[in-house]
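We call the chains A, B, C and D, going by the order they appear; numbering starts again at 1 in every chain.
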Amino acid sequence: MKDELRVLIWNEFRHEKNNEKVKAVYPDGIHRAIGEGLGHDLAIGYATLDEEEHGLSEQRLEDTDVLVWWGHKAHREVSDEIVERVHKRVLAGMGLIVLHSGHFSKIFKKLMGTTCNLKWREADEKERLWVVSPGHPIAEGIGEYIELEQEEMYGESFEIPAPDELVFVSWFEGGEVFRSGCTYTRGQGKIFYFRPGHETYPTYYNEEIRKVIRNAVHWAAPTGRPAPLFGNRKPLEPLKSRQEA
Amino acid sequence: MKDELRVLIWNEFRHEKNNEKVKAVYPDGIHRAIGEGLGHDLAIGYATLDEEEHGLSEQRLEDTDVLVWWGHKAHREVSDEIVERVHKRVLAGMGLIVLHSGHFSKIFKKLMGTTCNLKWREADEKERLWVVSPGHPIAEGIGEYIELEQEEMYGESFEIPAPDELVFVSWFEGGEVFRSGCTYTRGQGKIFYFRPGHETYPTYYNEEIRKVIRNAVHWAAPTGRPAPLFGNRKPLEPLKSRQEA
Amino acid sequence: MKDELRVLIWNEFRHEKNNEKVKAVYPDGIHRAIGEGLGHDLAIGYATLDEEEHGLSEQRLEDTDVLVWWGHKAHREVSDEIVERVHKRVLAGMGLIVLHSGHFSKIFKKLMGTTCNLKWREADEKERLWVVSPGHPIAEGIGEYIELEQEEMYGESFEIPAPDELVFVSWFEGGEVFRSGCTYTRGQGKIFYFRPGHETYPTYYNEEIRKVIRNAVHWAAPTGRPAPLFGNRKPLEPLKSRQEA
Amino acid sequence: MKDELRVLIWNEFRHEKNNEKVKAVYPDGIHRAIGEGLGHDLAIGYATLDEEEHGLSEQRLEDTDVLVWWGHKAHREVSDEIVERVHKRVLAGMGLIVLHSGHFSKIFKKLMGTTCNLKWREADEKERLWVVSPGHPIAEGIGEYIELEQEEMYGESFEIPAPDELVFVSWFEGGEVFRSGCTYTRGQGKIFYFRPGHETYPTYYNEEIRKVIRNAVHWAAPTGRPAPLFGNRKPLEPLKSRQEA
């Protein structure tokens, strides 16, 4: 009944060109692996850092319902002007899914208002993501936990605002925990941060991880509402001060 | 693609038989007026207090995705056993929409853990429900506010847990405010409390009020997930204490 | 400047009489060990299950600012009438600290509105409680985490309402995580659930655990405010409906 | 027992020099009126826009426990460098109380990650601030509501993140509502936004308004905790991947 959701998957797309190990895992780029996992009922597009305007023109963003973001080494190369543009679109209702090292992207830090700093370790260790919001639509079809044999560790403190809803908490073999699935609303836009997805592991081929991202895209779809009115407004009811005047 | 949502609308259904004024507004009962407002893409059923088991047999509840609840004068006549039954179904994932004076129903008080007490006044006064969560799916299609020319007043303090999400705040002509649209999750079940709907006003014929209830029903649809496992569990990782033994 | 806070520590006090292992760890009862850890600037009292009215007379509760609760095997023996009494006092502003197996106490379940069920395992395993709300007063003086060499495991899903604030998340050696420090407000009363403290381990002698409980007691101190007014109220502003009449 | 809290009250301090009406209400500046209302158990200092570094040197901020902020017309004149400095101090634990038109200050917008836009009207109308978190320490000593005979109106939508805790909701004579008392935690810092205080009204002489600001200052006091550790970290537990290597 509804039109297809328009999803735009943005990727830094550098590791896959420069690093043999990453290239072996994601030969067409992380964005393509994510996109393949989203299924066939969405209108999926791609954009990458080195395209003009990073592939994020005004028109392109206007035509996007949900933006998925993966970045790592080149956050600083994303232009402030385009970050501003994405920020406006999120407040106006575009959904935003921030993945893994995207926690340090300019857009996520700007929306959160904090450093989004955390602990990390690359040691091929086990991660287990436990569902702690059992009724949340982002966890639909997921069992008690998702197990990933090898991933990068991210550990608390994670310097973010307390999430509106905490969907996943990760257990790491090395002794840490992490708030791995966090929802936020900013303006009319819904935001989901999802931890897994280091570039050297085949995480985005994992069926459960794909299901979570798919669920998140649907959850983050814009709500059809008029833009809010701000500024100087006439009273809706008679004022004593005006009657006396 | 998905099957039709199965919605069960429960009504005390006494005022409409005993009170001429109410009968004039809702000749077929408040439940029918609510049901008519839900549109044609839902499988809608009805149940009322004076039916056997209040119309809420185990099977009936098992076959319900979202339960809508309107009660007022006869909360005490609802049997504790059936309240227990509804409670279990909500924790297992059935959605629950509690309307107006349902704030004092046994099931809502049990789920909230508080008295759910509030201020009230019947004085044909104006209510304006402001959207304060502009991106929330329950507010889809709603403008800045909904205006009701005449309603009963409900005022703060409203003794409820802080809602997970506060969707509407009401302004009343007589000087009070009220948290009028509140979401909660309990177990796997999603709950929405929505304030308007005093039995002497035609509130449930209002198109915007109907849209909110319709949105809420869709929002509260169960998330397909296995029942949680509780109790004594074997370790998922080897324990030093066991290796030493 | 303020008067001393009046803290009442309630303990089931059965294990310490019936079980040699527990008696060896807590010869005077768990309540005494908790009380000793609270320091010298509080007015501390004790109450136990087998006292008359479980040591929780109307007067005793009236004279209590913060109630600490430890129970395990005999939750059902706590009378419903006294649970009702404690519930009223919490809503009226008395703080409540629920420890460990107290998650299954009648009072906690009543306040939460859910089953408060969880996973558990007694296997002498390591627990590490990570601070995830770094600015929270309950974490004052605590480092990044508290490590307990041996504890009972509690694992997710923990069937509770999403906490108002999540202060601690536990990592367990056996592969689970748990929301170990959760705050709630119900009515005017502040509630803190704190996970550690199985009866066979010397957890309540641990200096950091004691500091958390001490912090929680101060955090849960009642806020001096008038009781809320409920029921039928006159308008604060002139109503058009009344002027016309 | 604890040392005096060190409070720094920052004011734009322009209206009081340029506008006769404002000068008449606050002859020594809004900051002085706020400071007088804070009582005698705090170490109070003042800083204003036109001082060097806006009175907010590194040392001054280092020596501040809670910063109170009032600004209106000259938000843009606050240097980005100093906003950055205040931001860092908040994340490190300094409390921040943002008053009235401070909603549009650079520091508040940066911490919130949203526009912080709202509706407004200057029409000498009545405001009634209802307490909706009855147990919150910021509402200590406050009755059901605070009434202000004349204030500027601020109305929803207020484009902020959903507050961690919503303490006050305002009713306005002209028909609007507003989330008037909002708490947030960012990093280790506690933030309170409090709506009232337009420069042409004697709001900061009102005893209840002063009590709220006083309560908020105490609530926002820093929690003594070590700075969080971020970055690359060694495992706390042995890793299979390392043992195999």
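Assume a residue touches a chain if its C-beta (ideal position, glycine included) is under 8 Å from a C-beta of that chain, and two chains touch if they have at least 3 such contacts.
The structure presented is a predicted model; accordingly, all values stated were derived computationally and were not measured.
**Student:** Which pair wins on C-beta contacts, C-D or A-D?
**Tutor:** A-D
**Student:** Going by C-alpha centroids, which chain is farthest from chain B? Tell me that one.
**Tutor:** Greatest centre separation from chain B goes to chain D.
**Student:** Distance-wise, how many Å sit between the C-alpha centres of chain B and chain D, to the nearest whole number?
**Tutor:** Their C-alpha centroids are separated by 36 Å.
**Student:** Could you work out how far the Cα centre of chain C sits from that of chain D, in whole Å?
**Tutor:** The computed centroid separation for chain C versus chain D comes out at 31 Å.
**Student:** Where the CA atoms of chain A average out and where those of chain D average out, how many Å apart are those spots?
**Tutor:** Averaging C-alpha atoms per chain gives centres 30 Å apart.
**Student:** Enumerate the residues of chain B that touch no fewer than two other chains.
**Tutor:** 128, 131, 133-134, 144, 155, 157, 159, 162, 164-165, 173, 175-176, 185, 187, 228-229, 236-237
**Student:** Would you mind writing out the residues of chain D in touch with chain B in their complex?
**Tutor:** Per the stated touch rule, the residues are 128, 130-134, 144, 155-159, 162, 165-166, 169-172, 175-177, 179.
**Student:** Considering only the defined contacts, which chain C positions touch chain D in the complex?
**Tutor:** Its residues touching chain D are 93, 128, 131, 133-137, 139-144, 164-165, 173, 185, 187-190, 222-226, 228-229, 236-237.
**Student:** Once bound in the complex, which stretches of chain A touch chain D?
**Tutor:** Residue positions touching the partner: 91, 110-115, 117-121, 123-126, 150, 153, 155, 157, 159, 161-162, 164, 173-176, 184-187, 228-237, 239-242.
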